[in-house]
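Heads up, the next two complexes both have subunit A, just with different partners, subunit B and then subunit C.
This part shows the complex of A and B:
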């Protein structure tokens, strides 16, 4: 693979990751959001594979396969089950409306680009220049957590956050060791499973999964 | 391996064994196991302390033990003195606790309702005796915390870096809090005391931490070696800030006024052997911290540091002894007496600081030696007194002196041993408290002539300090005459006191050990001369000279024309006493003898209601110091139904509240409560809001970093 070809594919993949993240803010159909998560998982796996080709390491291919299985197959499947059980198809009314969310996403992306300048300056290379994308996805994930009401949206926000962290790790370190990736993946899987159970319990208790139903749970 | 290393090894392994065995042992063996291991840990401290005072040095660095850095330990003569002090207290307390936490006794019980006018007694009433006992001081938690507490106290003076010191300090605070709360199911007042203690000790920790962090940041290293080397580079303002902060922090642990409020609560509500450990050993570690950081690491400072310590010490001594002299609760009395003695130590340290700043090292040395010697003496007699109070509490379930009395006949050993302690605490010859107060007074009195032309401040403050020490000694004597006379002599004032029985052998043995230490310190204080000289060499601003010259049996002060022989005083008293007894016997010989009731004035209708009570004994003092103490009186007159001129009964109650506490603390507590109520609005239960706090926090940090980077 030539250098320019590598850079173009890399930028394409990273752009795709950012785009899916922003689209998740735009769409309110929960099923569509899960589909976007699948796409983002595939792109992440592609990113890992790309790094594997670049570094010619088999370990990274194994990591890529792991990411693909977890983020594009297992977690979306879990989410679809939650969606099917809950019967809530839409994120009814987010705390911040969609237009404002998209504006905020633009601001957050700008912030991420501004903040990662010194990081990029440490070791300028095509890979690290894409680093702000990872940071932007982290911030967008956090933003979803803060503004969305449904329990499923919370899981989505958490996964977006994790995807951002994974992307940042790949881009900043030129490949993550298998052990680290395995550990993180297991954690994420566990968290999602716990949140699935939590969502089910919330529905049993309140009839819906609006997080504000938990408001009484304090001191 | 050196003796110090061996001693510290004993401490560490003893504590580990104590915690595990204390938690695992069956309840029957628990008291024995925990007590013996506590004594073993204490013996390790004594060993290490003696070796360090003998001139050995030792240090150890263990990396990766603490999460934030290496654990650094180093032992010099100053550490040695406090290792010895804490270790010796722990040996006696360990032996004592075997009996105290064993089966039997009334000390776990709810106090008698008639004595409960000082504290809220709204707690759930429980079965006194055996049922309540197993879950109090004999519980698994309390018994396994005891050796750990002792080990933490022993390692504090050995700590040689800021992080090690803070971790051990906190361990000491937490384990002692667990022990204070041991009887929380039995009395509601224990919970209150625990809350006060936790609040004060953590406020103190914050002050110490701030001070030491500022110090370490300025000196460029957190090990004590680095602090010593870097303290000269600090600006005078920073040095003073560090000193004031650590003075507040260590002072709150030492119980100086106005941070003393936890002492009367925690000391009186904790199980008695724990009170002894806290009052005798833990409180002196506050003094250790002050000397270590103020005089060793900072290397002494300007004149006003000493004056500050001297003033606070004088106030503490006076206020403590005044409250002690009017207290009716025996353990509360002892707790206020601790504040008094800490005040005396602070007077010594403060005056030493003033003279060190003036460059008069000989006087500074004498006064610093007096402070340390007084800490050791105080530890000896206060251990004994608290253990004695514990024996009384175990036998009667009472702490109220107004309901005690007549114990001399039923608990002769406890009475005799308590008398030894009271003699020491009253600072009368031949007690051990007298020796150190004498050194302190000599140092203060001779300072005016020795310094030549003193500054105005010194010329005013030192004579005032002499007056404070003298008044304190006098009031201290009244206090302990009251404690001993009203509590142990005369006739019992309640049925429980009349039914008291002597304590088990281990408790008597523990008290005997403490009494032997008192006697040794009282009769042969000159042996402390060489170790004290080594101790003073650690402190750069008072390094010169030997303060106490050891010339056989007499105690001679260096640079001052003062000498005293406690042994000869004791001998003289013995001879005088024997000759008076012989004379009386001789005079009485051959005359007819009539047996009558003592103090009966010929009559025989004496009953306990005619006796002096603690309240009535202190009545003159209460009147004299009315403006300071502001006692609250309460008189209920109940007339007969038929005529309001004929009175059926009169009920008189007197409370002496802690005025400083009543004035200073309620506004602070109210402000804290308001703040807490206000901040509850931040947490309204919305998960989104909590997440938003995190998000906004993250963004602000990122923006700040981005702008500043």
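This part shows the complex of A and C:
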């Protein structure tokens, strides 16, 4: 693969990851958000595979396959099941309305660019120059976690956060060791499964999964 | 080629794109209506219908409401004149232009804004409820859309180092790989949303109705008749053509002439007409599948496209 071609595909994939993260803030239908998560998972796997071609390492291809299976197939399937059982199709009232959250996303992206400048300056290369994208996705994930009310949206925020961390790891160090990656992936899978059970219990107890309803502790 | 030959050729190119846009804009609107009609199972009035309407309107006298001032009289002239200037300077057929410096991003956007403001003032001038409502809405949409045009094109101009539209087009021609960069793609999405908002198409405004409380553009021009209405209709069609043409040539400039020789110019004219036809038909097909949005959701759409523009600018600085 030529150098410019590699840089261009890398930039496109990173742009796509950022774009899907932003679109998740824009869309209200939870089903659409889950579809965007699938696209983002595929892009992350592409990023890993691209690194694998660049470094010609088989380990990264295994990681890419793992990312594809986990983030584009298994986790969205779990989320779809929660969605089907809950009957809540939309994120009706986020704490911050969509227009404001899009503007906040713009600010967070700029913040990510600003924060990562010293990091990029350490070792300027096409890969590290795309580092702000990973950080921006992390910040957007935090934002979704803070401003959304439904349990499912919070899981989506958590996954966005994790995707951002994965992207940052790939861009900064060309991937973490396989064992670490496996451990993190299993952790994420477990967290999502636990959240699924928790959301189901919440629905049984309260009839909905609006987290604002959980204010008081009782015996 | 001598300097005078170059100037004569450049003048010919400018005259060519003026003739093409003025003559073709109503045909483009006709094409879009026809595509829409066919997809909705109607026969449609034919591609030439907007021109027939214009001819009919031009033959009628312009009636002006009692108590309206010169603002009302001047607005159609200003709108048409500002659109004609943009048409003359924008790089549609050739990147060589006799008025090089005017084809600047900021000049073009402010000319667009001038037309919008003239029409909004005219809507207020009549003192009717519809005019005022339409004007307030049009200014709201314009205030949100104009910064996005600036940002979207700024993303392209950042890597060229010039805000001259012809320079941007030429640089994209020399390095075609730029078209697939994230900056370009994000800017293209932002620009597409802005075209829809500025030209008053669905889902921001419904160009087909006169009898809805949701209308924006039609509410402002409700009091116009005869020649004045013809000017406004022509200018609106030209604005749509100019915006689509700018979008086409900034993001996929292939086919545009970089010289002023007759043959490349002729080829550029054909390619430009085909590009506009395809874009217009695509927009019409898109409009069949969407409903008009509530007015209060329009800022959401424009905030989204502003964000795309901003991401495009930051990508053009950091990723490239």
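One rule holds for everything that comes next: the second predicted complex is superposed on the first by the 216 of 219 C-alpha atoms of A that agree within 3 Å, B and C clash if a C-alpha of one lies under 4 Å from a C-alpha of the other, contacts with A are read in each partner's own complex, and residues count from 1 in each chain.
Basically, a contact is a pair of C-beta atoms (placed from the backbone, for glycine too) under 8 Å apart; a residue touches a chain by one contact, two chains touch by 3 or more.
Note that this is a predicted model, so its numbers are computed, not measured.
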Kindly say whether there is room for both subunit B and subunit C on subunit A in the superposition, answering fit or clash.
fit
Once aligned on A, the angle formed at the Cα centre of subunit A by those of subunit B and subunit C, in degrees rounded to the nearest 10, is 140
Classify the contacts of A:19 with the two partner chains as first (subunit B alone), second (subunit C alone), both, or neither.
second
Could you say whether A:77 touches subunit B, subunit C, both of them, or neither, answering first, second, both or neither?
neither
When the two structures are overlaid on chain A, which partner does A:105 contact: first (subunit B), second (subunit C), both, or neither?
second
Partner chain(s) touched by A:142 [first = subunit B, second = subunit C, both, neither]
first
In the superposition described above, what is the shortest C-alpha distance between subunit B and subunit C in Å? Please give a whole number.
17
Subunit A positions touched by subunit B in one structure and by subunit C in the second
none
Seen from subunit A, its contact residues with subunit B in the complex are 95, 111, 114-115, 118, 139, 142-143, 145-147, 149, 211-212, 214-219
Could you list, by residue number, the parts of subunit B that touch subunit A in their complex?
680, 683-688, 691-692, 694-695, 698-699, 702-703, 705-706, 709
For the complex, give me every residue of subunit A touching subunit C.
4, 8, 11-12, 14-16, 18-19, 22, 26, 98-99, 102-103, 105-106, 109-110, 113, 129-130, 132-133
What part of subunit C is in contact with subunit A in the complex they form?
177, 180-182, 185-186, 299-300, 303-304, 306-308, 310-311, 314-315, 318-320
